[in-house]
Every structure is written in structure tokens, then in C-alpha cells.
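Both of the next two complexes hold subunit A, though its partner changes from subunit B to subunit C.
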Partner chain A sequence: MAKYIFKRLLRSLLTLFIIVTIVFSLLRLMPIEGYFQNFEKMSAVQVELGLKELGLDKPLPAQLLDFYSDLLHGDLGVSNKYRRNVPVTKIIAEKVPVSMAIGLTSLGIALAVGLPMGILMARSTRTKHKIGDKLGTAFIVLIQAVPAAVYYLVIQFYGTKYLDLPMQISSGRPVTYILPILSLALGNIAYYAMWLRRYMVDESNKDYVKLARAKGVPASAISRKHVFRNAFVPLVQFIPTSVILTLMGSLYVESLYSIPGMGGLLVNVIQRQDNTVVQGLVLFYAAISILGLLVGDILMAIVDPRITFGKKEGGR
Partner chain B sequence: MPSFRFKDHKTQQLSQSVGEVLSRNYSESEFFEFAPYDPTAGERGGYSNYSYWGSTLRSFAQNKVAMFFLILMVGILAFTVVEPMLPYAPEANTIYKGATNLAPCKEYWFGTNSIGQDLWSQIWSGVRTSLLIGLAVACVEAVLGVIMGVLWGYVRKLDFLFTEIYNIFDNVPQTLVVIIISYILRPGVSTMIFAMCLTSWLQTARLVRNQVLIIRDRDYNLASRCLGTATWRIMVKNLLPYLVSILTLRMALAIPAAIGNEVFITYIGLGVPLEIPTLGNLIKAGQTVMMESTLSYQLFFPVIILSIITISFYIVGNSFADAADPKNHVK
Partner chain C sequence: METETILSVRDLDVKFTLRGQVLHAIRGISLDVHRGESLAIVGESGSGKSVFTKTFMGLLDSNGSVTAGEIRYNGQDLAGYTTDQQWRTIRGREIAMVMQDPMTSLNPLKTIGDQIEEAIVLHQGLKGAEAHAQVLKVLEEVGIDQPERRSKQYPHEFSGGMRQRVVIAIAVACRPKILICDEPTTALDVTIQAQILQLIKDLQKKYDLTTIYITHDLGVVANVADRIAVMYAGDIVEIGTCEEVFYDPKHPYTWALLSSLPQLGVKGEELYSIKGTPPNLFLEVKGDAFAPRNPHALKIDFVERPPYFEVSPTHKARTWLLDPRAPKVEPPEHIKHLREQGVNRHV
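Now for the complex of A and B:
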């Protein structure tokens, strides 16, 4: 077990190292305007001096070395355009709680709605007309097939128009958070309901469930005690990723409702071409998504003792 | 020229025993003779006139919902191709002076936008661009995915190396790759296709590899190998039917995903330049005016068309994958 975790950790670090190196090298190809606040007014000499000050006149490997030694000291550089001379780490630290609060609330709602929905759909496959299953499937197809970017807009449109909810959030007014949280939750509801339904249908065709049914155990008891428990195991893997991804915030929802979180930040700095912040954010995003997968795998191995270490579950 | 045959210890064992049988003296006709197809004997022996594509199409045609969406999808695809050739069709970017923000009417079916462009032709031109992106991404994904996946699964020596590479790159979130590539390169249709193709084939390759690994040493493949079937024939006849289901599903889902990505990337300001109408550009333009109730049609027409396209691809893909799975043919 310890060996597996250690190996997994090492691989994650290697991945992170490769991504950061590639991103760092690629960003050197960017136009240098992204490093100065008022590039148009600067003379060639000033630009050169500025580059020297930032250490950008050195060869690439030397820059990379500088970057890594700064990184190990917890320094991601300072912003140039977005908020002049504010350290990137400080900007991130300010934004993360906002995104997390909204993300975790919506994830909680998604689990509270999605899991019962999955169970009901799976049970409905055993009824005659399967109406519940059909309705649920239609909902899932709709959410999965229509790009999130599109239904977010539709929710905002109808929410503000007919429910008279404000278009932008303001702290202190919980009503303003309804639409963004709903938008974020929908995707996860469909996701968890779909997988739980599939795993439960698979599970309920197994022999031990048939035996229980033949013995006359009530359907609700079978579905709660046997089928759900076994079907939930594979889903455990997704939850840490979902939790950790809330750190990232949603790029789209946050800028739609002007939420001052992480997702809105990335869009903002990309539009302003603030290279240092983009680089810092990419590093942060890559790190947390890798962490999410790592925690998911380890948790999965702990929850289900049948899973052999060092072998990744195939396919999905 | 000797063709390539796959050999391992199992094949050798089997060909040895086949050799023993051969060494007994049978007459030519006794040993091998084509039998005519006889239905009654066939039933007894479990042989049937089974045809893979026949069964696939039959079980697909039974699914009414899927057929409806297939017809819708084909209709839209055909129309996007035909639309610019229709006699009245103007250039999508033509600006009609004095016809700004007109509500849908007889002359402009979907109305006009804030600078006086006909939304009808803009939308169909956008659908063309978006579908082009989607199809290109799906094709690259399928081709690269199959080639790498089959190599990965069939050639034992490559397995370790490929798996390690996969484990590293699979951790990179795709959105991030697309954002970074679009940020660094000049925005445009080809940049977008490149960015989306870069990592999407990894998943397909993984799925193909898993399937190939499962099927390659099944008895019927072993038998084919012993009988000296050429490798390409094993691939086409024995392996491909199992992959068709996965591949069509992946391809059908890759298209709506690519279209959705395009909308998203355009939204964060890294999309295709505004002169090229895409669904993303149209939706973004519609979003800026959606709060004025007289103009909200500028958001809703592109949104509705896009949703119809993505939903039909999704449903047709899923149903076809179910129909193409040989496991579902045995009733």
C-alpha cells in the first residue's frame, strides 16, 4: 500500500514537472507586451532594461532554473498587469475561498439530488413502463449533450427574466447565489445520477441480488443495503476530484455572474495577457487536478479491498 | 514474399497437433471440401447466416428515437452543405445597410444582428465552421486513437512504455491544454483544431488498447492465427467489429464536445476571429444583447440550432454504439 502510494506520488510529481516545464517554455514564445503595463509608451532601451530586471534576457534553461528555485521558496512572481506588483500567490489565496464556497455548496446539492435520482432511476427500470428511468435519461442526455456554456446562458436568461433574480452576485444577499450554484450543480447531478444508475443496474443483475429477491427481501431493502452500497464504490473515485476541482472555480459561471473567484481570474488575466499570472494559475490548476486524481485513486484502493495495487482500472 | 504471421508458443502447440493430423493420409476431398449452406443442419450446428452489419443496422432501425434524430442529423448536415449553393444565398458576412437588429421577418428569416448581417446565413455558415472543427477533431482522434491503441495493445514490447507515457499525460486537464495552446498560438480555426486534437486521442487509444488486449488471445483469434490468416484480416474481421462500437461512440461524442469547447474558448476570448462566423462567435454576440427582450432572438436561434445538432449527435452515437456491440446481437 505504502509502496503504491509512493509510486503514485512520484509519478504525479513527474507529471507536474513536465507540464510546468512545457508551459514555462511555451510562454517564453509569447509577445513581450505581456510583461509591461504601458508597453506602447516605452522606448527600446527601457524595454531591454525591464526585461533584464525580470531576468528574461537569460537563456531559457537559466530562466527555468530561476523559476524552480523561486517556486521551491513559494514564490510565483508578481503580477504585471492585473494588479501591479502583487504576488501571484497572494492573488490566488484571496480568490480560492470564494470559488470553494460556491463550488462545495453546489457539489453538496448535486450529491443530495443526483444520488437519489440515480437510485430512483435504477429502481424504475424494474417497473413496467420505466417512466422514471425515461424521464431521468432524457434529463441526463439534455445536460450532457448541450454544451455547458449554452445552458448556463439559458439559465441566466430565464432566471433573471422570469424569476427576477439579479444577474450579478452581491455578498450578503444569499438570493443572488441561487443561479450560479444551480448552474454548477446541474452538470454534477446528471453525472452522478448517470453513473450510479448504470452501476446499480449492473449490480442488480448479479446472482446474490437475484437470490435475495427470490427469498422475498423487500425491494427497497435490496436496493438500499446491497445494490447501492456496491454500486457506490466506483463513484467514490470521482468525489475527491470533484471536491478539489471546486478550488479551480468554474471559468464560465464565475465570469457570467461576476463572481470574484479563480475561474473569473484566469479569463481576466488571459484577456489582459498577464503572463506571470497565467503561468502561476496554470501551475496551480495542473497541481490540483493531479492531486484530485491521486486522492481519488488512493481512496478507491482503501474503500474497495478487491482492487489490486499498481494496476489502473481499465477504460473509464 | 512471406507475409507477416504472428507466432507464439500457443500457436506452435496448435500447429504441431494440426501437423500430426495432416501426417495421416487423407484424400484431398475427405480432408477439405466446401459444404453447401443447409439451414436445418446449420441450426443444429449453431451456424447462422449472421452478418455483422446487417444485425447492427437492424437493431439500430428498431430504435425509433434514434432513427428520428438520425434523420434530423442527416438533414442538417445535408442542408449545411447545400445552403451556400442555393440561388438566393448571400455571402454570410454581407452587411445590409439600414437593416440592423431587425426581428425575424419574411426577408430575414432569423432577423439581422446589430451591424445588419443576416442571421440565417450567419448561423449556417457558423454551423459549417463548427462542424468542420468537430469532424476534424473526431477524425484525428479516431485515426490516431486506433493506430496507437492497436500498436499499444498488439505489440507487447510497447505496452510498458506507452502505459507510462499515458499515465503522465492523462493527468493533464484538456481544458487547460486548449486554453494554453490558444493563448500562445494565433487564434483561428486550425489553432483550435490542433489544440483539441493534441490530447483527445489519448482516451480513445486507451479504450482501443483495452479491447485489443482482451480480444487478441481469444480462442477464435488463436485459431485464425494457426490457420494462417493474414494479420490484416484478423484485424479487420476479428478485431474491428469489437472496436466499431467504441469508435463510433467516441467519434459521435467528440463532435458535440468539440463544438462545446469552441463556444467555451470563444467565450473566454481566445476563439476564432470575429470575421469568421462560428456558433461560439454568434452565441457570444447574442449574449451581449440578450437582456433586451426584443433582441433575445439573436441568442436563441444559434443556441437552438447548436442544441439540436449536439443532441442528435449524442443520441445517434449512443444508440449506434449499443446497436454495433456484437454482445447485443445475441438474443
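Now for the complex of A and C:
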């Protein structure tokens, strides 16, 4: 397994290299006007100096080489527009914890609510009127069908109006976090409930569940030890990605509640042509996405004995 | 030999509701299962043989139910059981089951050892190291080498035949009185089939089990059964000892079934098959269910359902042909000589 992980990491590095190189090169194709606020008034010499200051006077391969050698020292360069001369790493380091705190809390809530909901819905499919399943399905369809932006606004509107919750977040007061966390959790609740229900219904019709019943295993133990455990396996793969996605923050929720997180940062810096920050963010996002998939695959292999990493043993 | 009845079914009716329609799957079956015997229930797909035995364990799908009759076991009427709790006193503990497809009947994510141990903990009251020791013992009993190593493996590391041995191990680990084998060899390689049947026979002797085989394979039946019950359209049409049913069959359906034995085929000629299709059990069956496909059918077969006519104390068949007033109809020539043709107990 160690060998497999090592190979995957090497391949991931290659992927990262390609992504960053392409994005880096594309950014250099942008017109230079965007780099300066008062380009029209600048003389050719000033432009020349400005470009030199930004490190843009050298040929592209040399710029790339500089970028990678800095990167090896953990230096992503400094922002030149968004927050002048502040290191990109510092910007990310300041913003990530904010997004992550909200994101992880909401994910925790989503799992704590979504998984039991999925279990209850799956159980309800065995009852006569399937009321629980129908209600749950209605909720899931509603959340999936209504654009998130719409119910975010509904939550903010009613939350602030009737529950008297504040519109803006402030770090000292936990109440201010309720609405954004709720907004973020809803989607994941629906997502996990939907998939867990589906996998549980699938599993509970399998022969081994019938055999367990024939063995005399109590229904509750079948549901817990056989059905839930097996239905959870495919979900295990999603969780690391869900966790890591919280690092990226949510553009919409963060702007609704003035949360100083990662959400919207990328859009912001692209608009302002702050290349160093764009590069840094792309690298960061790509790295964590790849990591999420990798951790998901590894977890999957741990919980499902049928998956092996050796080529010779060849899985099932 | 004095026979003692272990399980007694009387006038059992099972109905399923499918999209508002009612399917009458079992139509008034009565059957006594004798302690220690091997009973084979044969019949084509859809004849209700699986459904029938599932009622003994409360394993019918949720849209099906026993609507009439009783199933007497140990002085209890199982047909009246409704809760999971009641059934748990029967499932595994009294009646265990070996299912058809060993590839799917084991949990892919649990080790073999765990799955056997689950049964042992439930039914033998052992725990921890003791239970584990018992797992190894059972594995050895069903003929699995290196039980210590094998018990830590997962189902995908076992071949089909080995998995069926594990399924049998699970059933036996429950220490049941009755073992239902639902097509235990259908999904297996021909070479493995005989081994599995032998294994079940050995365990039956060792643990004094009563076995009920469900199969459509007359070869299996000839090999293992003391008695045979022939099912057609949710009813037992003929029942008798293995000898009686093979060598002196009375019901035209049994004739047709035996004629379909590939062993009776003549080289170059098409194999015999029964014309027509079984009746639609969504509709009420009038008279003898087999009548429309029966070349020997009498007028009364279409009007009134035949009762059982006793041929011998152990042999009875539901056909009007046995009525004293019926015309003499001889069974087809070729099956009259099954014995001479070497189609014997070792088909």
C-alpha cells in the first residue's frame, strides 16, 4: 500500500506541475494594461520599470523557473494589488481557518443529521405507507431543486427577521454563526441522506441480508452491522473531499454574512489581475482536490477488503 | 421404522399482492415432515417450492403472507407468528437455511470467521475465544483446510464451492433441527455438486438433522432424498418415497417431469419438454391445474380439483386418473422402465 501511495503522490505532483504551468503561462498572455491602475498616464519607461518590479520583464521560461524555485522555498510571492506586498501564503493562511471553521462545523452537522436521516428513510421504505421516506425525499428534492442562492437568501431573510439573528458574523459571538452554518449544512444533509438511503435500500435487498435473517440475527443488528456498514463504504470515498472542500469556502454564504474567508477570493483576484495570488490559489486548490481524492481512495481500500492495490492480486 | 412428525403443515395458503393484484402462490398444501428424513421438494420455476419453505422461517417478502392454514412445529403454530422476536426463536435455532447462490449470500465486507461466529454467539451462547475455537471446528467439519488462516479471509478469497461450504457451516453452527437447502448446488460446478451433497448428507447424520431439499434437478433428488414431493402451481401433486415416485409415478405431471430427464433422451432426437405454460396464479385455478397441459386429461379435470388418492400408505397423488371410475391410462412406455434403463438412485 505504501508503494501505491508513493506512486499516486508522484503522479499527483506531475498533475500539479501541469496545472500550474498552464495557468501560469495563460496569465502571462493577459494584456499588461491590467497590471497598472493608471496605465494611460504612464510613460513607456514607467511601464518598463513597473513590469521589471513585478518580475515580468524576463522571458516566460525564466519566470516559470523563478516561480518554481521560490515555490520550493515555500514562497508563493507577494500580492501586488489585492493586498499590496503581503505574501500570498500569508493571505491564504489568514483566510483558510475562517472558512474551515464554518465549513467543518456545517459538515459535522450535515453528517450528524444526514446519516440518521438516510437510515430512517431506508427503514421507512419497509413500512406500509413509507411516510418517513416520502417526507425525506420531499426535503431532498426541494434542497436539490431550489438553487442554493435562493434558499440562502430565504434563510437569511427569515433568520434575521423572525429569529432576530444578526446579519453579520462577529468572531466573539457564536450566535452569529448559526445562519451561515445552517445554510451550508442543508446541501450536505440532503446529499448524504440521499446516498445513504439509496445504498441502504440496495444492500438490504441482497442475499447476504436474507441469510443473516435466516440465521436469526435480530433486525436491529442486521441494520447496524450488515446493512449500514456496507452501505457506508461507498460514502467513505466522498468524505475527505467534502472536508477539503470546506477549505475553499463558499462564495455566496461568505459574502452574505461578510465572512472574511476564502470564498470569492479567487474571483476577486482574477478580476484585479493579481497574478501571484491567482497562481498561488490555483496551486492550493489543485493540491487539496488531489489530496481529497487520494485520501478517499485510501480510506475506501481500508474499509473494503476487496480492494487491493497490487496489480498481481487484482482486486475481486 | 416408526416415523415421528417434526413439522406438520395443514391447508397452507400463501398470497402475494403485486400492484393491486393477488397472486395465489401456495394453494392449500398439507405436508408432514418426518424427523431425520431427507425430503426433496421438486417442481419447475414458479411452482412455489421456495415460497413454501420460506413460510417455515417467516422469510416471505413483505408483500406476501400466509392467509390460511397452519404450520405446526414443537406444539406452536408458526403461521401465527408475526414479530421478528417470535421468528428469532425459530430462525437458525430450529430451522436453518442454505441458500442457492453462495456468491451473493455472504457479506462481502466481513471475514468468514466473523460471519460464522455471529451464528455461534447467537445460538450456542459462546463468546470470545470459545466462540472462535468453535468457528475453527465448524470450518474443519465442512472440509475447509487451514481453518485458522481461512477464518480471517473474506468471501472474495473463496471459490464458489468453498463459499457454499461456509454457508453450510453457518447453517450448522446454529445447531438447527431442520436444514432447508434451497437449490444448494444449482450455482455450482458439476464436479463440486456431488461433494456438497455428500457434505450435507454427512452433517445430517452427524447432527441428526432433518433436511428439506428444494430443487428442480431430479439428479440431486435421486441422490439424496428419502421422500419426494412434486409441486405444481402452488400445490403438491404427488408425494411418496423416492422409489415410489421414480418407479411408480401416478400423476401425469410427474410422468412429464420424468420424461424430461436428459438421460432418457435418444441421440439425435429432441429432448422431451412439457408443452404449454404453468397456469397464471393471478387467476383462480379451476379443476386440476395441470389439466390444460395434460394429454391424458379427463373432462372432470377441468371442473373439479382432484383429491389425494392413496396408492400406498406412503404414496399419494392428486389426480382423477386414480379414481376407480377413471379409464385406465398407462404412464408413457419409456418411464415405465426407468429402473432397467439404469436411471436409479445414482442418476
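Convention: the second predicted complex is superposed on the first by the 284 of 316 C-alpha atoms of A that agree within 3 Å, B and C clash if a C-alpha of one lies under 4 Å from a C-alpha of the other, contacts with A are read in each partner's own complex, and residues count from 1 in each chain.
Note that in this section a contact is a pair of C-beta atoms (placed from the backbone, for glycine too) under 8 Å apart; a residue touches a chain by one contact, two chains touch by 3 or more.
In this text the structure is predicted, and so the values were computed from the model without any measurement.
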Checklist entry - Which of the two partners, first being subunit B and second being subunit C, lies in contact with A:89: first, second, both, or neither? => result neither
Checklist entry - So, A:271: does it touch subunit B (first), subunit C (second), both, or neither? => result first
Checklist entry - In the superposed arrangement, which partner chain does A:63 touch: subunit B (first), subunit C (second), both, or neither? => result neither
Checklist entry - Which holds for A:105: it touches subunit B only (first), subunit C only (second), both, or neither? => result neither
Next on the checklist: Between subunit B and subunit C, whom does A:176 touch in the aligned arrangement: first, second, both, or neither?
Outcome noted: neither
Checklist entry - So, does A:241 touch the first partner subunit B, the second partner subunit C, both, or neither? => result neither
Checklist entry - Regarding the shared-chain residue A:154, is it in contact with subunit B (first), subunit C (second), both, or neither? => result first
Checklist entry - Does subunit C touch more residues of subunit A than subunit B does, or is it the other way round? => result B
Checklist entry - Any idea which subunit B residues touch subunit A in the complex? => result 167-169, 171-173, 175-176, 179-180, 183-184, 206-207, 210, 256, 259-261, 263-264, 267-270, 283, 287, 290-291, 293, 296, 299, 303, 306-307, 310-311, 313-315
Checklist entry - Which residues of subunit A touch subunit B in their complex? => result 11-12, 14-15, 18-19, 23, 26-27, 29-30, 141-142, 144-150, 153-154, 157, 160-161, 167, 251-252, 255, 266-267, 270-271, 278, 282, 285-286, 289-290, 293, 312, 314-315
Checklist entry - Which residues of subunit A touch subunit C in the complex? => result 126, 206-208, 210-219, 225-226, 229-230, 233, 303-306, 316
Next on the checklist: Could you list, by residue number, the parts of subunit C that touch subunit A in their complex?
Outcome noted: 57, 59, 62, 84, 87-88, 90-93, 96-97, 99, 101, 104-110, 118-119, 122-123, 154, 156, 167, 170, 174
